[in-house]
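After this come two complexes, each holding chain A, first together with chain B and then together with chain C.
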Partner chain A sequence: MSSSSRSPILQVEDLLKTYRTDRSLIKRSSVKLTAVNRISLEIERGEFFGLVGASGSGKTTLGRLILKLEPFDAGSIRFNDLQIHGLKGSKLKAFRRQIQLIPQDPYQSLNPYLSVFDTIAEPLIIHRMGNPGERKVRARDALEAAGLSPADDFFPRYPHQLSGGQRQRAAIARAMVLKPEFVVADEPTSMLDASISFTIFKLLSEIQKQKKVTFLFITHDLAAARFLCNRIAVINQGEIVESGPTLDIIENPQTEYTKSLIQAQPSFSFAQKAAAAT
Partner chain B sequence: MTLLQVNNLSIAYQTRTGTALAVDDVSFALDKGKSLGIVGESGCGKTTIGMGLLRLLPDNALIKQGAVLFKGSDILEFSTAALQDLRWKKISMIFQAAMNAWNPVQRVGDQIIEAIRIHDPGISRDKAKLEVEKLYEMVDIPTNRIFDYPHEYSGGMKQRAIIAMALSCRPDLIIADEPSTALDVIVQDQIIKKIKAIQKKFNIAIIFISHDIGVVADVCHDIMVMYKGRIVETGKREEVFVEPVHPYTKSLLSSYLTLDGVLEFQNESAPKSCLTSTDQAPGTCGFLPNCPQAEPSCASEAPQWQAISETHKALCRFCK
Partner chain C sequence: MSKETRSQKSYTWQRFLEGWSLFYENLVGRIGLILLLVFGLMAVCSYIPPLIDPMYHPMTGVDPDVFRSTPPSAAHWLGTDNIGRDLLSQLLTGARIAFLVGISAAFMSIVFGTLIGMIAGYAGRLTDSLLMRFADMIMVMPSLLVVLLLSSLFGQLNIWIIVLLIALFRWPGISRVIRAQTLSLKERPFIDTARVAGASNLRIIFRHILPNVLPMALLYMTFRVTSAIIVEAALAFLGFGDPNTVSWGMMLQWVWKTGHMFQAPYWLLPPGICISLITLAFYMIGRAMEEVLDPRLRKEEQKV
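Right after this comes the complex of A and B.
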């Protein structure tokens, strides 16, 4: 990018994560499955970075490791030059406030017993931010910034009273209410219609530009990554097979895996031919 | 030869707040071996059409009018026994999220054998098993996996086994409701290629219901675009997707992301929610509140079908 003062917000080095899978209940044989295999990457401050791969490629695992939801086997993750391995107590809590998740499935990620207001105010309560009045103001701002306005109409509702797109907007408001520096968005629209997805993407891109938030966008959809991300990394079987500016990779893929991802993308090939003819 | 002819079908749901018209005066025809795509957003009524064709609607649904002629006889008049004979043997369905509906405690092969034998009790278990082997070869699942449990299959295999089950009684028509949604792009691509190949090989007609324009454009010869229970534009895919005329189709297409960026039909945002509402004035254009090219008279007069070509038409008075 253009800025000369490069300051990565996140540095991942040589990261390794394996899972044991127990094949049999009787035999004690277990197989090691390498989900993240010696991955290194850097994400610049304010960037919209895409992690693209098919299911089972390890992209969600990498997201979870960065969020410190799971321990890793080897390597290091540094967030704002701080090793996240071994973070405890108030430092861990401060880290959690800076880095938030927009989960994949808004039908499962919202607590059905909490109203929209309680859902969005909960992170503020956990981090002891503001008094009840201030929390209401912040929750209102977050919800309206996420496109659910007027907020007071939505506050008393429960998740089942929202459409899929509205739920995902509530989940976005919940992630943004703490004003994090870094957001991991894990396939935030895989459960939504194409046209609703499009409005969610526009919202995320607006948030990134206005609030200078850094995004890690996890997806299997190269077209979505093209729309949102300035840089992407393509991940397959736990390894990053290529990374770079999004357009370079889409126009000039270097690996067979990336090519197959591009080919699998449904396209209007007949439409493009017809359009070229006219 | 016309296999299926739907005339003026209207289906409503009774809700606590009133009656919601989910399918409003829908007519279309499908020839043998052809594929028809129904595209629209969630809530537009596309699944209700699919369920209505097989009379699988929930209790609070009411078929208000219309006829569904399959090979000339009206499915809506069928007796329970006649329906039983129709379902799966002549028309089968790939239900939405069906791959997650395998019975987890029964082997996949047994579930397909059960489907075959229920519809044709004369077939022995061994013969049905041979049939399943053929089906598995067709959908590229190794035959030594027939008697595995669903949890031993990958997502793509579960979906292919669903396709095998839909084919098991050699139907004339398959209704596929979002068959590739929730699969990742690579698996989705495999499934679509499989469906296309099978359709060609056995000359099966397919009604393909999806919100994913790219997938529908890939599979279907003919396209119907649905909005708030109505068909708003219909035609060959080259007509509807290359030269859309209805303002809703244009806005739907402009929200579709491709590797070349957004499809540029016009600079407008994605459509707003299209849920069928209970309070919509009957007769007037449902897209009016969001329409960028609305005329004052749209508020009072009903939209009219305009023919753009012999096959291409749209429900809008001002599109040419």
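Right after this comes the complex of A and C.
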């Protein structure tokens, strides 16, 4: 890790992703929808990078492409100087161990038939890490680091027995149990209320500082981005319209789109209070 | 939080309890269950008559004093057939065979149907098209006719071969339903997080999709039991059953073959009524389970 500490952890170059909306045999003419249009960006090791945009702007798609959940049409994504396109077998598995997802909707992102322990231990089992005893210790550490303690009380529970905030903490524990280098957090608080959102933000910020994890934080909420992120990129209709240090962009927006996003914020004072509180 | 004494019920158990209370409120389901319990009791009791006297053995036991079909009497509560075998013990054994055929054929067909449906839905593209066209082909095949052809080719069929054939012809309906469920499940975020965690396709199918489609598969199993019992009875009545087993279809065939169709109602009616009632019981249970699983079918005041 030390040898490549100067180079960015993630490099996205000229990335293109289109969806065809009509693929019937009769209608040959298919409408192409460009979700990600020639995007390039670099994320430095250890930073908290925000990707801000309205819904439908392509921000979630970009996250999915980086996680290799969907193939892309053109361009390249390099993670730790490794082309992720066409990764297979053990190399893909090694990639999967280093990059994790904190999903959007905690009501949908946990399998209702798996207990909290099974959910958190599953990544360890998949990557054949440790024996059952060690897995239990690591799962306990991860869950308590995510703020659900004592972990042994939560292990036998099922998602339907947890509140929304608790579920999201379990999902965070599952993502962090592999000790990944890079985490994509896709609007992790969009289904939670404001006060719980704030505690989740604080948790993510602590994780990033303590574990030196790089975050890609996808959000529509500039206030949250301002509280959390070192740098942000503003994305609109699949293109990055503006990027740079968070405060520069919020205080001195260059494009009309960013200005409209800032104006659309109902309570900007929330983030300032939050920033003052920490 | 630590003082909270919340019972740690698994999701499966919790769903079962909720489902059970809804099921029990359902009159149709309750009637079906009671009917089924009666048939279950019959199947269990079928072991008793041969123990009392070897002449009550449903297949080989012959009453030495009887030379033609006799109506109900004290010695033979439902009468005897034309060679003096006890009809009650045949009827009881028939319940056992109906359960055996119905449940094992239904079980096999949901195993095939669920596996194929999950694979088709999860893999998508060409695999999906091929498997589903194959399912369509089997679905439109007249299964009774094909089984008749096979049995005339290979002679008398063993009861287990019949079970297997029924299962092989009855999976496509289940696989279509399971495929549809898999299609929606695989877009759910927990499948994404499993893939990001590095889970293999097999792991995703069996650990994440299977438990979620299992309730639906079990529901379809009850409907398949009904159709399996009917197919077996039809085959047996047409004379293509296993000659070494006493099923209700076989009993009907013996009534027909010996010319007692209109002479011995005590022989004709019980197996006919039993076939109708046991299929009705499974069907009623299936309908009640369907209402439990699909909230849209519930009546307004039942909605939770």
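Just so it is clear, the second predicted complex is superposed on the first by the 254 of 278 C-alpha atoms of A that agree within 3 Å, B and C clash if a C-alpha of one lies under 4 Å from a C-alpha of the other, contacts with A are read in each partner's own complex, and residues count from 1 in each chain.
Here is the rule we go by: contacts are C-beta pairs under 8 Å (C-beta built on N, C-alpha and C of every residue); 3 or more make two chains touch, one makes a residue touch a chain.
Worth saying up front: this structure is predicted, and the values here are computed from it rather than measured.
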>> Using the superposition on chain A, tell me whether chain B and chain C clash or fit.
In response: fit
>> If we overlay the two complexes on their shared chain A, which of chain B and chain C does A:Ala223 touch? Say first, second, both or neither.
In response: first
>> For A:Pro123 in the superposed arrangement: first (chain B), second (chain C), both or neither?
In response: second
>> Students often get this wrong, so check: with C-alpha centres, what angle lies at chain A between chain B and chain C, to the nearest 10 degrees?
In response: 80
>> In the overlaid three-chain picture, which partner chain does A:Arg157 touch, first (chain B) or second (chain C), both, or neither?
In response: second
> Of the two partner chains, chain B (first) and chain C (second), which one does A:Ser190 touch, if any: first, second, both, or neither?
Replying inline: first
> Between chain B (first) and chain C (second), which, if any, makes contact with A:Ser40: first, second, both or neither?
Replying inline: neither
> Given the touch rule stated above, what does A:Thr255 touch, chain B (first), chain C (second), both, or neither?
Replying inline: neither
>> By the touch definition at the top of the document, which applies to A:Ser7: first (chain B), second (chain C), both, or neither?
In response: neither
> Which of the two partners, first being chain B and second being chain C, lies in contact with A:Gln83: first, second, both, or neither?
Replying inline: neither
>> Tell me the contact category for A:Gln100 with respect to chain B and chain C: first, second, both or neither.
In response: second
> Could you state the shortest Cα distance, in Å, between chain B and chain C after the structures are superposed?
Replying inline: 9
> Is there a shared patch on chain A that both chain B and chain C touch, and which residues make it up?
Replying inline: none
> Hey, which residues of chain C end up touching chain A in the complex?
Replying inline: 1-2, 4, 6, 8-12, 14, 188-190, 192-200, 203, 207-208, 211-212
>> Quick check: in the complex, which residue numbers of chain A touch chain B?
In response: 54-55, 163-165, 190-191, 193-199, 201-202, 220-224, 226-227, 250, 260-268, 270-272, 274-275
> So in the complex, which bits of chain B are touching chain A?
Replying inline: 41-42, 155, 182, 184-189, 192, 211-215, 217-218, 237-238, 241-242, 252, 255-263, 269-271, 273, 275
>> Please output the residues of chain A touching chain C within their complex, sorted ascending.
In response: 64, 67, 69, 92-93, 96-97, 99-101, 103-105, 108-115, 122-123, 126-127, 150, 153, 156-161, 171, 174-175, 178
